[in-house]
Amino acid sequence: MTIVVVMEQVPDVVEELAIAPSGTDLDRDAVSYVVNEYDDHALEEALLLAEATGDEVVAVGIDTTGELDQALYTALAKGARRAIKLTGDFEGTWLSTRAAARLLVPVIQELEPRLVLTGVQAPDDLDGQLAPTLAALLGWPHASVVIGSQLVDGAVQVRKELWGGMTMTLELELPAVLGVQAARQAPRYVPISRVRQVMREASIETRDVETPGDLAPAIMRLRFPEEAGQAEILTGSASEIADRIIELLRARGLL
Amino acid sequence: MDPKLQKVAEVWERDTAIVEGVDISGPWNRMFGQRVIWDYTPDLIEEIAQLPGGESFAWCYQCGKCVPVCPVDVVGDYGPRKLYRRAQTGINLLDSPDLWLCTTCANCLRVCPKLVDMVQIMPAAREHAMLTGRAIPAELQEALENTAKYGNPLGQPARKREAWVKDAGVPVPILHQIQRPVEWLWWVECYPSYHPRGIDASIALARIFNALGLDFAILGREEKCAGDSQRLAGERGLFEMLAEENIRTLSKYEFQHIVVTDPHALNAFRKHYPKLGGQYDVWHYTTLLARELPKLQPLLTKSLPYRVTFHDPCYLGRHNGEYDAPRQLIQALPGVEFVEMLRCRENSYCCGGGGGGMWLDSFAAGHQRRRLSEERVLEAVSTGADTLVVCCPYEVSRFEDAAKSTGVEGRLRVRDIAELLAEAMGLIGEGAA
Amino acid sequence: MAQRIAVLVEHLEGQPTDVTFELLGLARRIANTNGAPVEALLFGQGVRHLAETIPADRVVLVEDPRLRYLTPEATAVTLAALLRADPPRLALIPNTSLGMDVAAWVAAALDWPLIAYCEGLEARDGQLVATAQLFGGKILADVRIDDRPTVISALAGAFAADAMQPEPPGTIERRDPPSELAALHTRSVVLERPEAADVDITRAEKIVAVGRGIESKDNLELAEQLAQALGAVLAASRPLVDAGWLPRSRQVGKSGLKVKPKLYFALGISGAPEHLEGMKDAELIIAVNKDPKAPIFSVADYGVVADLFEVAEALLERLEG
C-alpha cells in the first residue's frame, strides 16, 4: 500500500529576504530555497510508518523553483520508493495553497494512498495550510499538528499536539491526511554519497500539469515588521525598569 | 579443537595436573594455557577492515603504544588498541559511542608500529554507519545539514560570509568584485568568517596583510567550507560536493598561492583536493608570516608583557609538519615570555575539535570526564602562562569556553597568533590606528 | 451576505481559551465601524453554561456527543454547514492547533478565500484589510479582503481581548447538529495532559533563562522564584548546565534544546551564537545583562543594561507583592 508525502520548497527564512519592486512578492532572484522543514518531518514520519508496515512511500512535489529535484532525490535516498514532480508554468511564482492542492488532488487520487502526510504549515502558506485543504478537497478525514502516528487496523492513530504539552489522540479512518508538526524521531540523516548514488541510479517521474487559475493570494503589499532587530534599551532605576517590564508583559497578555 | 590446544585442555583446572614433571594442579593452571577466543568471531573487526580505508584496523597486534598518547584516553577510555579489543569481544564500533569520539589527531599513528591509521579508519567506519542507516549524534547531523544547505556548519547565510569585511577597517578585496589577478588568495573559512572570535582574528590578519603590503583577496560569499572535518566525520560525499564546487569557483580566478587561516583547510587542499583535480600552492598563514618575518619584525613595536604558551593544532603540526613557524612568530613578539607545555610539537595534545569533534561537543562531553579542551587549558595554566596562543579557528572558542567551565577564565586569555601580532603592531587594541 | 462577523469559540476542558476572547474583541471592534452583529459559534456537548459567558450579540449553540471534543472533522463539518447556510461577512477562527484544522478545511470546502496567520485586521477607507505574518515573521502581508465571505485564521496573542465587558450574550440560539455529523470518519478521541515529572522547555510558553551572570548556584533560587511568579519555567545556557547546576533538559542552545516561547527572559546571558541559535525565534525576548555589548541584545526586543539581581528582585516584589 501507498503513503504519499507532499514536499515543497519554500524561501529560506534564515537568509535575508527582499521584497520585489512590485511590492507583492519576494524578490525571487534573491531568495534561496529549502525544503519546508515540516515536510522533512512528514517524510520521516511516513518512512517510520512504512518501515513498520511495508508500505511504499511516494514523495510528491510541485516544482515551483526549478530546484525540487534535490529534495526528491534526498527523499529517495532516505527510503521513498518513488518520486513524482509536477511541473508547469508556475515556476518562480507564489503558488497559493488552494492552487497547489488542486494540482495535487488528481495525482493523489491516482496513487490511491491510504495516507497522505505533509508539513503542518509552510512559511508562505498565506491562504492556509495544505493538509486540511487537501483533506477538504479529497473528502478525507484529517488532523494537523501531528507529533506521532501509528497504523492500526483500517485506521491511523495520531497524536496531535494542543498546547502546554496537552495532546489529543485521534483515530482516523483511512484514507486520511496528516499535517505533521514533528516526526516521532528527528528526521534521519542521509549521507550525500548516498544521495549522489541515487541521482545516478534512480529517476524522478515528471508530470506536466495545467497551471491553475488563481495563482497568488490578493496581496496589496508586503512589508517588513517595524522592529529593526536591535533591542530597545530600557533605562531607569531597577524599580522603574521592573514596572516597565510588567507593563510590557501585561500588554502582550503574558501576565 | 585445535590439536595444539589439546594438551593444555587436558590439564586445565584438573585437581592433579603434572606437565613435564612440574605439578601445576589446581584451577590457577589456566594461566599456562593459551586463551582461545572461541566465544567471539573476528566478524566485527572484518566489517571495519573490509571498508576502503578501514584495512589497517585489523593490523593491530595489541601492543598498546597508542593508548598513553591518545588524548581521548586521558579524559576517557579510548585508543585504537581498545577499539580493536572491544570489537574482538563483541562490541560493534559502528553502534558504539566510540565511533564518534576519535578526533583524528593522529598521535596514535605517530607511535603505532603497525601503522593502524585512525585518520582513515574513522571516516570509513563513520560513513559506513551512516550508509547502513545508523543514527548519528544530533549536533553532528545539524552541522552536516547546515554545511550541505549553506556551505558552512554554522547554518549562516552564504551571503553573510563576507560581512565581517566591513568591520576590518582596512581594504579586504573580494575577487568577484575586483576581477583582477592577485598573488595570494586568502581562504578565510567558516569560523573566521562567522564566529565573533574567529572574526576578531580575521580582522587582525587582514590588518597584518595590509601592513605587509600583501597582494591578496578573498572569495567572500563564493567560498564554501573546505569540508575536511566533514569528510573526517564520515561525510565523504559532502566533502566531494564542496570540493567540486570550490574547485569550480577557484578556476574562475587567477592567483598564485592560497593562504589559509584554517589548518583543516590546509589539509584538505594539500592532500585531498588534488585527487579531485584541484592543485594549489597552499600555505598556512603562520608559515607565510614567518617567511615575511624580516619585514614583519620592524613593525612589531609594542611590547606585550605576556607569559604565553602555544597549542599546536593537530592539522598544522602532526598532519602537515609545521611546528616552527608559529613559534618563530611568538618569539618575535617583543616582551613576550614563551613557555612550552609538556605535551607539545609532535606529542601535542588535541583541542577535541578535529575529525568532527567540533560538532560533537556535548556528545563527547557525555562520554568523558572532562572535555579535551578543558584538559588542555588546565595544562596551559599549569605552565604559569597567562595567554594561550592558538592558530586554528576551532580553538579560540573551544578554549575560551573551556577556560570558563574550568574556572580559569580570569587567569588565561586565549589569543590567535594574528591577534597578538596585530596587537604588537599597534593594529588592534588600545591606541590602534 | 450579512455583515455579521462570526467567531468560532475554542474551548478545552470546559473553558473557552484566551484567544477566543481576543477574537471576540477583534470582531467587536470591526463590527463597531458598521454596526454589524458579532456572532459566537459554540460547539460541544454540555456547554450551554459557557454560552452565558461569551460576550457576543448572539451565541449559536450546537450540542452533540460527537462534538464533545473539537476534533478536526466534527468541528469542520459543523462549521461549514452553518456558514454555508447563512454566510457571514467574516468567519474568525484562531490559528491554533484546533483552529488550524478547521479554518483551511472550511474555506476549501466552501471555496471561500482564507487569510491565515492574521495579526492585524482593520477597515481602511471602507475596505477591510488583513495583515498576515509570513516567512517566519520576517514579512508582513497586507491583504485586501474582497466582497466574498472570508475566513480569517488569526494568531493567538495578536489581538487584545478588549475592554469590552463580558456582558451576557444578547441571545442564545440552539441549532440542530448538521446531518454530516452522522458520517464521521474519526473514531476515538483521548486527551492527555503532560506528565508533571519532567519539564519540557521546548513546549513552555514562558521561559526565564539564566547564564553565567547568575554567578553562583545559590542565586538560582532567585531565578526560580522569578520564573514561578511569571508562570515560566527555568532554563539555562550551556555553562550552567555543564557546571551541573541544572539538568541537560534545561539547556537552551545549539547543543541543548531549541525553544520558541512567547516570552524569553534572559538573565545574565551574554548570548554566544550557539545560545542565540536556540532561542532567537522566541516571540518576545527581554534580556538583562551588565555588558551593553552583549550579543544577546542583538536578538532581544527589549534590553536592560543593569545588575540582574536588582532587576529580578524589583520584579519579584511587584509580582508577588
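When the chains are written out, they are named A, B and C in that same order, and each has its own residue count from 1.
Quick note on the criterion: contacts are C-beta pairs under 8 Å (C-beta built on N, C-alpha and C of every residue); 3 or more make two chains touch, one makes a residue touch a chain.
Owing to the predicted nature of the structure, the values given are computational and were not obtained by experimental measurement.
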Q) Taking each chain's centre as the mean of its Cα atoms, which chain lies farthest from chain C? A) B
Q: Please state whether B-C or A-B has more C-beta contact pairs across its interface.
A: A-B
Q. Which chain has its Cα centroid closest to the overall Cα centroid?
A. A
(Q) Using Cα averages as centroids, what's the distance between chain A and chain C in whole Å? (A) 21
Q: Find the geometric centre of each of chain B and chain C from their Cα atoms only, then give the gap between the two centres in Å, rounded to an integer.
A: 46
Q. If you average the CA atoms of chain A and of chain B, how many Å lie between those two points?
A. 38
Q. Listing for chain B: what residues touch at least two other chains?
A. 155
(Q) Under the definition above, what is the set of chain A residues touching chain B in their complex? (A) 12, 14-16, 32, 34, 185-186, 188-196
Q | Residues of chain A touching chain C in the complex | A | 11, 13, 17, 19, 26, 97-98, 101, 120-121, 123-133, 135-137, 140-145, 155, 160-173, 176, 179, 217-225, 227, 229-235, 238-239, 241-243, 245-246, 248-249, 252-255
Q) Which chain C residues qualify as touching chain A in the complex? A) 12, 18, 22, 69, 71-73, 76, 96-98, 100-109, 113-117, 129, 132-144, 146, 151, 153, 157, 160-161, 184-194, 200, 203, 205-206, 230, 262-263, 284-287, 292, 297-307, 310-311, 313-315, 317-319
Q) How about chain B: which of its residues touch chain A in the complex? A) 127, 130-131, 133, 135-136, 138, 141, 144-145, 148-150, 155-159, 234-238, 240-241
Q | Residues on chain C engaged by chain B in the complex (per definition of touch) | A | 212, 238-239, 242-243, 248, 254-256, 273, 277, 295
